[in-house]
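Once you've had a glance at the structure underneath, I'll fire off some questions.
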Amino acid sequence: MSAIAIRNVKKSYGGTQVIHGVNLDVAHGEFIVIVGPSGCGKSTLLRMVAGLETITEGEIEIGGRVVNRLEPRERNIAMVFQNYALYPHMTVFDNMAYGLKIAGLSKEDIRARVHKTAEMLQLTPYLERKPRALSGGQRQRVAMGRALVRDPAAFLLDEPLSNLDAKLRVQMRLEIKQLQRSVGTTALYVTHDQVEAMTLADRLVVMHDGVAEQIDTPLAVYSRPATTFVAGFIGSPAMNMLPAEAAGDGRLTLATGASIALRGVRLPDQGRKVILGIRPEHLAQVPAGEADLELEVIAVETLGADTLAHGRLGGGDFVVRLPGSSMVQPGDRLPMAIEPGMAHLFDAETGKRLPDDAPAAAPSRQAAEA
Amino acid sequence: MVERRGIGTILTHLALILGVAVLCFPIYLAFVGSTLSHDEILSVPMPLWPGGQMVENYSQALAAGTQVPVARMLFNSMVMAIGIAAGKIIISILSAYAIVYFRFPFRMLAFWAIFMTLMLPVEVRIVPTYEVAASLGMLNSYSGLILPLIASATATFLYRQFFLTVPEELAEAARVDGAGPVRFFKDILLPLSRTNTAALFVILFIYGWNQYLWPLLVTTRPEMNTVVIGLQQMMPSADDYGNWPVTMAAAILAILPPVAVVVFMQRLFIKGLIESEK
Amino acid sequence: MEKRVSFNHRLLPYLLLLPQLAVTAVFFFWPAAQALYQSVLQPDPFGFDNRFVGLSNFQYILSDRYYLEAFGTTAIFSSLVTFISMATALFLAVAADQVIRGANAYKTLIIWPYAVAPAVAGVMWIFMMQPSIGVIAYYMKVAGFRWNPTLDGTHAMALVVLASAWKQISYNFLFFLAGLQAIPRSLIEAAAIDGAGRWLRFRTIIFPLLSPTTFFLLVVNIAYAFFETFGVIHTMTSGGPGRSTTTLVYKVYADGFVGQDLGSSAAQSVILMAVVSLLTIVQFRYIERRVHY
C-alpha cells in the first residue's frame, strides 16, 4: 500500500481543464518533488492532495483511504506555504500548537510536542516571539515546525524556500532533506527550481501544461528525459536541440545539411524526422578531423570550474560546457564531438523520446577503451 | 522638503495660530459662557474670560437641566452611541465574513441588497422610516434610536475590504490545522481585525453620539432625549433670555465624550476616518 | 476581487448575513419602498383613504415655487459651505505641512472640532452671533454693521453657512494633510531646484497632485451640506426667516412632520434619493479612476 496514491486526477475550472489526468504512487517515507514552470498545474495538484481544491475527476488516496470528499483536517496532512502563512497575532509557540489544540490534545502533550519540535529546529529561544519579530529563515523554520509538530501522514510543501535569499535557500534545502530523513515522513514538495528538485527528490514529477511528463529518479530524469520538454527543463544550461533526419546508415543528417555518426545510440529507421538533444556537458573539443559538429563561438562565459561557449548552430543557439578555464575566444571555430551514448533522440512530431535499449548511462568510449 | 527660513517660518506659525484661534473660538466662548453667572452673560458685551460660576452651572445642568437632567440625556446618548457602534460592527463583521469567505446561492443578491444602503442616508428616507419605527412601537425606545441607524453598509464595506487583504494562505493554513469556519473567524480573523474594529468603533461612536434628525423624531418624551436634542430644547429662543450659562454647560458636556475620543484616540480616529471613506 | 479559498457550509453564511439583512430590510427597503409608494398617492381630504395619482405629486412639487426656491437655497448653501470649508482647510493643511516644530499640537487643535455635533455647533454659533447677547454680534454692531439674522434672510444664510463650514474644516484638513504628505518630497525639491518659487510650486505641482483628494472632498462636502447640516439649520434658523434657509432636506422634514403632507414629502424624498444616487455614482466612478491612477 502506498502512502499517497493519485489516480487519473483531473482538474477543471469552469470548462477549462488544467490538469489532464495525473497518476502517481508515493511510497512511505518517499520524498517526491513536483517540478515545472509556473502555470503547469503543480501547485494545483498539491492543493488537491491537501484538500484545498476540489478534485474534478479521479481519486486521491492517503494512507489507503480515498480522501476526495474529506476536509483538509481529516486527511492527516500538514502543509508549508510559500509565504509561510504564520498567524501574525500568535506567538511561535501558539502557531505551532494551534493544530494540536484543535485536535484536542492535552496541555502537557502540546507543550511537550512543541518543545521537542522547537528543539529539533533550534527555535526554542523564539517560542514567545511573534512572527514579525523573526528573520525570514526563522519564519521558514516555524512554518516547518508547525508541520512537523503534527506528526502527519504526509508533508505538503508549496515552494517553501522561494521567499529566502540564495544562501539561506541552500542551507534550508539541506535541513529540510535531513529533517525529512530523520522523521521518515512522506513528503510532496512543489518547486519551480530544478536545483531544489534534483537535490531533494527521491523521485521527481516533471509537470508541463497539466501533464506529468516524467516520473522518475533525478538521475534518470537527467540521463533519459522522456520528452523534449523535460530535456530542456532539467539541466542547466539547457540541453541543445537540433532538428535532424535519420539517414539509415547509422548517421543523422542535420537540418544544416551536416551529417554525423552517433555512437552508443539506437537510430530509428531511415527518413524519420527527429530532434537530436545534446547536453552542453556531453560535448568534447576534439582535433578538427574527428569533429561531429563545428561551433562558431559568439560569446564566452567563464565560471571558474568550467567555461560556457555560446554559439549558433543550425539556426538555433548552441552551448558547450568546456572543462576548466578554457582559452576560447569569440570568433573561434570549435570542432566538437558528442560523447558516445550521450545523444538523445526524440520524435520530431510528438517530442517523445525514441525507444532505446542502450543502458541509461552507457559507459563512454574513453572509459571502455581505458 | 524645502525648508522655510526666518520670516517665512514665523508667518506660517502665525497663520496656523490664527486658524487654530478662529476654529477654537466658538468652543472657547461656550466654555466661558458655562462659567459665568446669568447676569454676567447678559451684560453686553459679555466677559471673554472664565467666571466663577463653573461648578454651580455644571451641577445644575447635570442634576436638573431645564426639563430633564443632562446626566440622564448623557446616559441616553451614551447608550445610543455605543449601541450604534457595537451593533453596526457586529452585523457588519458577520455579513462581511459571509460574503468574502463563503460561496452560496444568492450571495451576489445579498451583497447588492446590503451595499444599496451605501447610496441613501437616513435623512433621505426619514418620513417612511419614522412610520416604520412608529408602527413597530419603537418610538421613545433605545432600540428605536439604534436599529434604524445601523442599517448601513459602510462598516460592512470596510470589513470586506480588509478581509480581502488578509492573505488567503492564512485561511488555508487554518483549514489544514483543522479549524472550521467558526473557529477560523474566532481565532484568526477577529484578532487580526482588532485595530480596524477599534478605529471603526471610534468613528461610529462619534457618528452615533452626534445624530440629530433621527433622535429628534423618534424621541418625544424628554427623558428619552439624547443630549444633542436636549441641548436644542434648552436653548433660549431669541426673545427670551433663558438660562444661557446652564445651556452652555450642557453644550460643553455634550461635546466632551466625542472630543475625548478624538483627542485621546487620535491615531485610531484618523485611521478610522480615512479608511472608512476609501 | 474574489477569494480563492472558501469554506463550505450550507447554513452558516445565511445565519451570518441574517442580522444585517433583517435590519436592512426593515429599516431600509421597507421605508424606501414606502417612499416610492407614497410618492404616487394622495390622501383624500379626510385622511381616510389614499388615491393613486401617478406622477402628479412630482408635477406638483416641481412646479411649486417654494420647492424650487429650496433647490436654489440648497445650491447656494452647499456651494458656499463646500468652498469656504475646503479653502480654509487647504490653507491650514499647507501651513501645517510645512512647520516642523509643534506640528502635532497644531494638528490636534485643528481636528478636535470634528467631534462637535452639527446641532451643538449651531447652538454655539447662536451663542456667539445672536444680536441680543452674542459677543461677535456686539462687535459687529460697534463696527456699524446692522447684523440681524432673525429678520434678514441673507444674514441668516451667512450664519448657517459659517457654522456649517466651520464644523467641516477639521475633516477636510485631515484629508488634505494626508494628501499633502503623500506627495513625494523629491518632486517638490526637484521643482525648487528647477527654480519654481513657493507659490508656483503650489500651483503647478502640489495642487494638481492633490486633485484626487480635492475631488473626493468635493463630493463628500456636497453630501455633508445636503444632509448632515440639518442640525445646524434646525437649531439656528428653523429654515427661516421666510424660508431663506430652507434646504431640500429641511423641507422634507418640514412638509412631512410639521405640514403632514406625506405625498409631497415622499415625492421630495424620491427626488433626493435620485440626487444622492447621482453623487454616489460620481464618487464610485472616481474611485474606479483612482484605482487605475
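The letters A, B and C name the chains in turn, as written, and every chain counts its residues from 1.
Assume a residue touches a chain if its C-beta (ideal position, glycine included) is under 8 Å from a C-beta of that chain, and two chains touch if they have at least 3 such contacts.
Everything quoted here is computed from the prediction, not taken from an experiment.
Asks: Hop distance check: chain B to chain C, minimum number of steps through touching chains?
Replies: 1
Asks: Ranking chain pairs by contacts, what comes out on top?
Replies: By number of C-beta pairs in contact, the leading chain pair is B-C.
Asks: Please compute the C-alpha centroid of chain B, do the same for chain C, then give the distance between them in whole Å.
Replies: For chain B versus chain C, the centre distance works out to 16 Å.
Asks: Taking the mean of the C-alpha atoms as each chain's centre, how many Å separate chain A from chain C?
Replies: 62
Asks: Could you check chain A for residues that touch two or more other chains and list them?
Replies: Where chain A meets two or more other chains at a single residue, that happens at 52.
Asks: Can you list the residues of chain C that touch 2 or more other chains?
Replies: Where chain C meets two or more other chains at a single residue, that happens at 5.
Asks: Which residue numbers or ranges of chain B touch two or more of the other chains?
Replies: 172, 175
Asks: Looking at the complex, which residues from chain C come into contact with chain B?
Replies: 1, 3-10, 12-14, 16-17, 19-21, 23-32, 34-35, 38, 88, 91-92, 95-96, 98-100, 102, 106, 108-128, 130-133, 135, 138-139, 150, 166, 169-171, 174-175, 178, 185, 188-189, 192, 198, 201, 216, 220, 223, 227-228, 230-231, 234-235, 249, 252-253, 256-257, 262, 265-266, 269, 272-273, 276-277, 280, 287
Asks: Report the residues of chain B in contact with chain A in the complex, numbered from low to high.
Replies: For chain B paired with chain A, touching residues are 167, 169-170, 172-179, 183, 187-188, 191-192, 194.
Asks: Please name which positions on chain B make contact with chain C in the complex.
Replies: 1-4, 8-9, 12-13, 15-16, 19-20, 23-27, 29-30, 33, 41-42, 44-46, 48, 90-92, 94-95, 97-104, 107, 110, 113-114, 116-121, 123-133, 136, 147-148, 150-151, 153, 156, 163-164, 168, 171-172, 175, 180-182, 184, 206, 209-213, 216-217, 228-229, 231-232, 235, 238, 241, 244, 247-248, 251, 254-255, 258-259, 261-263, 266, 269-270, 273-274, 277-278
Asks: What does chain A use to touch chain B in their complex?
Replies: 50-52, 71-73, 77-79, 81-89, 98-99, 102-103, 146
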